[in-house]
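Some structures are shown below for you to check.
Both complexes shown next keep chain A, but they swap its partner, so chain B is in the first and chain C is in the second.
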Partner chain A sequence: MTRQEIIEKTNAFLVDEYEKDPALLTPDARFREDLDLNSLDYMDLMVTIKRVFDIMPAPAEMNLVVTLGDFYDFIERKLSEPKANE
Partner chain B sequence: MKRVVVTGMGIWSCIGQDLQTVTENLKQGRSGIGVRPERKELGYHSLLSGIVPRPDLKPLLDRRLRNMLSEEAEYAYMATREALNIAQLDENYCLQNAVGVVFGNDTSNQSVLASYLGAVGAQNTFMLGSGMAFQALTSNVAMTMANVFHLRGANFTTASACASSAQAIALATMLIQMGQQSIVLAGGAQETNDKSMIAFDGVNTLSKRNDDPLHASRPFCKERDGLVPSGGASALVLEEYEHAVARGANILAEVVGYGFSQNSTPLGQPSAEAEYEVMQRALKNANLLPSNIDYVNAHATSTIAGDIEEAKALTRLFGKSQIINHKSPMISSTKSMTGHENWMAGASEAVYSILMMQNNFVAPNINLENVIDEAKDLNIVRDSIYTPINTVLSNSFGFGGTNCTLILKRI
Partner chain C sequence: MSDIKQHTVCIIGGGMSGLFTGALLAKNGYKVTVLEKNHIIGGGLQSFRRGDVVFNTGMQACAGYISGMISYQVCKYLGVSNEIKLLATDSQKQEIIWLNNNKSICLPKGRDAYQTYLVQLFPHEENGIKELLDCVFRVGHTFDYLFLQPIQRYEENVPYAYMSADELVRKYIHDDNLVAILEYVGWTTGHCLKAMPALEFCMMLTLYILGSHRFVNGAKQLADALCNVIEQKGGIVENDTEICEVNGEDGNIDYVVATDGRRWESEIFVWACTPKILLTVCREQVFRKSMTQRIQEYINPFSVFVVFCHLKKEKFKFINSSVYIPKSSKHPNLPQSIVFVTTPRSESDQWAESMEIYIPANYEDLAPWIATHVGERGDEYEIFKERIALEAINTISVYYPELSDAILNINVASGLTIRDYYGNPNGSCYGQQGLYIPIKTKLKNLYMTGQAVQSQGLAGIATTSVLTSEIILGRTLIEEIAQA
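Entry: the complex of A and B
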């Protein structure tokens, strides 16, 4: 999956499911302060990440995500890692 | 003792999702019962249910709040919205004053089961998301109504099977009488999904008249064969009388009495003795005599044993001499139209009773063809009667033998 595809898929679920204003979805937008995502939303994000990208992140990994740009990086990195059963 | 009045109410039920529609359907004796054919594959013997639409909350609530609501809390949200609107309690008022909330609810089966199956299926509890931890609690309704509508006072959940929301109204009334609260939202909510009442099908309490849903719920009728599960939510704004007058609220009715009793019979078996006692206690609490009651909204659920015991208790309470002299109150079970709304029933039947008082009619006990012998001396209303009624006694008898009676009065 290309970075552009990651960005498009991420922005799509943030708008459709998390009801975020598309204008706020810039790489430097902070998850907590600018996008108003709290710790419970992070648990929902884990479910969404599994469904959209087939990745099972750990909560501790998610806590390192501060901005939307960090999130794109995180997904890109996770997708490039070999899966445990591969 | 402080007086407690109703200044708002709302409902989301199988006979209507607003007060006007519900009033019309009560007058016309229309049933809200239908068939859920998919239950056959699940092993149900009864396919009957009150047909309650799920509200579309997306235009009304943001994702985070919607995520916290169980099915029954979705219904409660709609009922509460209507009740607070009628009571003219806006967001600003609630933020600045400590409004209480007491809701009756005794299960959240769908949420509990979805949590378990979701986690086991994914082999990872993190795949449940954030909402299930809230939705799976029976206190979900009270907590989410408080959260959504900023109800910052006392917050209780009452759970006593089919007496749950009658108890909610009684407890809310007590909180106001004691001076703890000036306003309390009291209500009841009931899930209607195929997990909600499956165990009741398993103990053979549900009607199996699957080919005739409109005539399946038939309280006090010899040909009855069980209750029809139903649900939704209803909510009432209870308020201290002087407080309501001072802020110019529209007063819909007064809660003048309540009573409680517990059966000493084996679990699941109704008791005419305890039902007589609970009505006596409510009358004593209201300082009224049986002859003061104009209308009884019976608990009568259309079960074989339950209707017989209530008929015995009513006949004993109102006395044969009164009945012969035509002083017996009019009696009907609105469950003949709604089915048994279970945890919601005490609150919804309070709403139905107030609608009857407001609109000068008594709703019928439909589907009553051949009255049971035990009820032959009772004045059971088979067709709507258009007449003023001022004082109503409403019964709610829980499956576990917990009974609660409310008395409401026109004001």
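Entry: the complex of A and C
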């Protein structure tokens, strides 16, 4: 998956499923302060990430994600890692 | 005084959460109506009698019913703590876990005693046991409200919601035998450790180690006491009222409709049953899509067969513990044990007169009868259930040989009974608990309560009922409750 595809997919679910305003979805938008997604929302986010990207981040990894840009980086990195069971 | 218009609230579901929320709101001046689909209120608090013997259909053990903790204080605040009779579980052996080699593990109450006991059994795991319990208690205590603290640390625990209990335990414990013993905690939320979020594991284990109680003569007494609070404040609790439509427009609920056509209007509505049912009866969008998706994709806790055994007089000793008997299951997601309890009838029982046996089950095994309803499942279903019950009784008799002779008669409920009585999807014994759904919905006057908001059991439900009531009242209650 290219970075552009990651961005498109992420923004699509944030607009469609989390009802976020597309105008807010800039790389420096912060999950908590700007997108109003608190840590309880992370539970939904985990399920969405698994469904959309087929990866299950460890809790500690997600704690390092502050902005949307961090999130794109994180997904890009995870997708390039070999899968544990392969 | 009568000039002041009372706010009205209509609560759908007369289980523990509907009744606790109703009682809290009634005490705080609301005109409460609780609508319950069954003939008898209580949901998981239901118990029934055969002669003078009581059987619990759901709740047995209440963890964390201790002075200074939420469930105890809420009962005190509502004035019901003196009306309900609970018996503290044997502090030396709250849980008795039998192993395949015919030895038993007896887990004591209290953090120090519990830790010391496990370290004695597994000295090579001493550090791991200490570190695991440190973590369990640290995370358990982030449920601020359980300990009557203002919410401060709650969000810290969220990472543990998407880590499995198995992963957490194996971080500290390497001996498979000890991991297998800790599987018993999974029974408290109806998951094997691999499917149980570490967060629930920590909360439940903390509560159980702090101490558990059981209702003397059945759990229904709590439902009745809460119902009295509601009715004394002018509220109504309607049985035989199954809500099949939740109607409104412009982001507001106007009225709900029962299967017999009756309808109820109210300023505020509270949904106190399984969220999945709400999605089917409400045409409006209740949650944002991601939440709806999570409700739909939720992995249900396992289902159970419950065997209600009426025992002959003075034939089987009363055991003031939950007893776990090893039983291998071909399903990897089911616990490899069955559980039984003898119901206390007084505070000083010598002999048991009733026993409930819980056998983990896979809903799919009930496939031939999934489309049927209570009373019309046919003889083969009865034979199937009886076979499962007899197998379980034989398994327990290996450890308690006096059981076979002590049984007067049995009744067996399956996951289908649980599905049809509580509305739990797939007959799962704990419904959609631990979903962490928001209390406020997208509809302005519709709120959620119950085990899906946080967790199940007396402590989990007392917490969510307080949280829901506080949001509706627009002020905190926790300080008053702490001082009750």
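What to note about this one:
In this section, the second predicted complex is superposed on the first by the 86 of 86 C-alpha atoms of A that agree within 3 Å, B and C clash if a C-alpha of one lies under 4 Å from a C-alpha of the other, contacts with A are read in each partner's own complex, and residues count from 1 in each chain.
Everything below uses one rule, namely that a residue touches a chain if its C-beta (ideal position, glycine included) is under 8 Å from a C-beta of that chain, and two chains touch if they have at least 3 such contacts.
Since the model is a prediction, treat every value here as computed from it, not as a measurement.
Contacts of A:81 after superposition: neither chain B nor chain C is touched. Touching more residues of chain A than its counterpart among chain B and chain C is C. When both complexes are overlaid on chain A, the residue A:44 reaches chain B and chain C alike.
When the shared chain is aligned, chain C comes close enough to touch A:63, but chain B does not. Of the two partner chains placed by superposition, only chain C is touched by A:16; chain B is not.
The residues of chain A shared by its contacts with chain B and with chain C are 17-19, 38, 40-41, 43-44, 46-47, 56, 59.
On the side of chain B, the complex with chain A involves touching residues 62-64, 67, 122, 124, 126-131. Chain contact summary for the complex, chain A toward chain C: residues 13, 16-19, 38-48, 51, 56, 58-60, 62-63. In the complex of the two chains, the chain C residues touching chain A come out as 155, 158-163, 288-291, 293-294, 297, 436, 438.
Across the interface of their complex, chain B is touched by residues 17-19, 38, 40-41, 43-44, 46-47, 50, 56, 59 of chain A.
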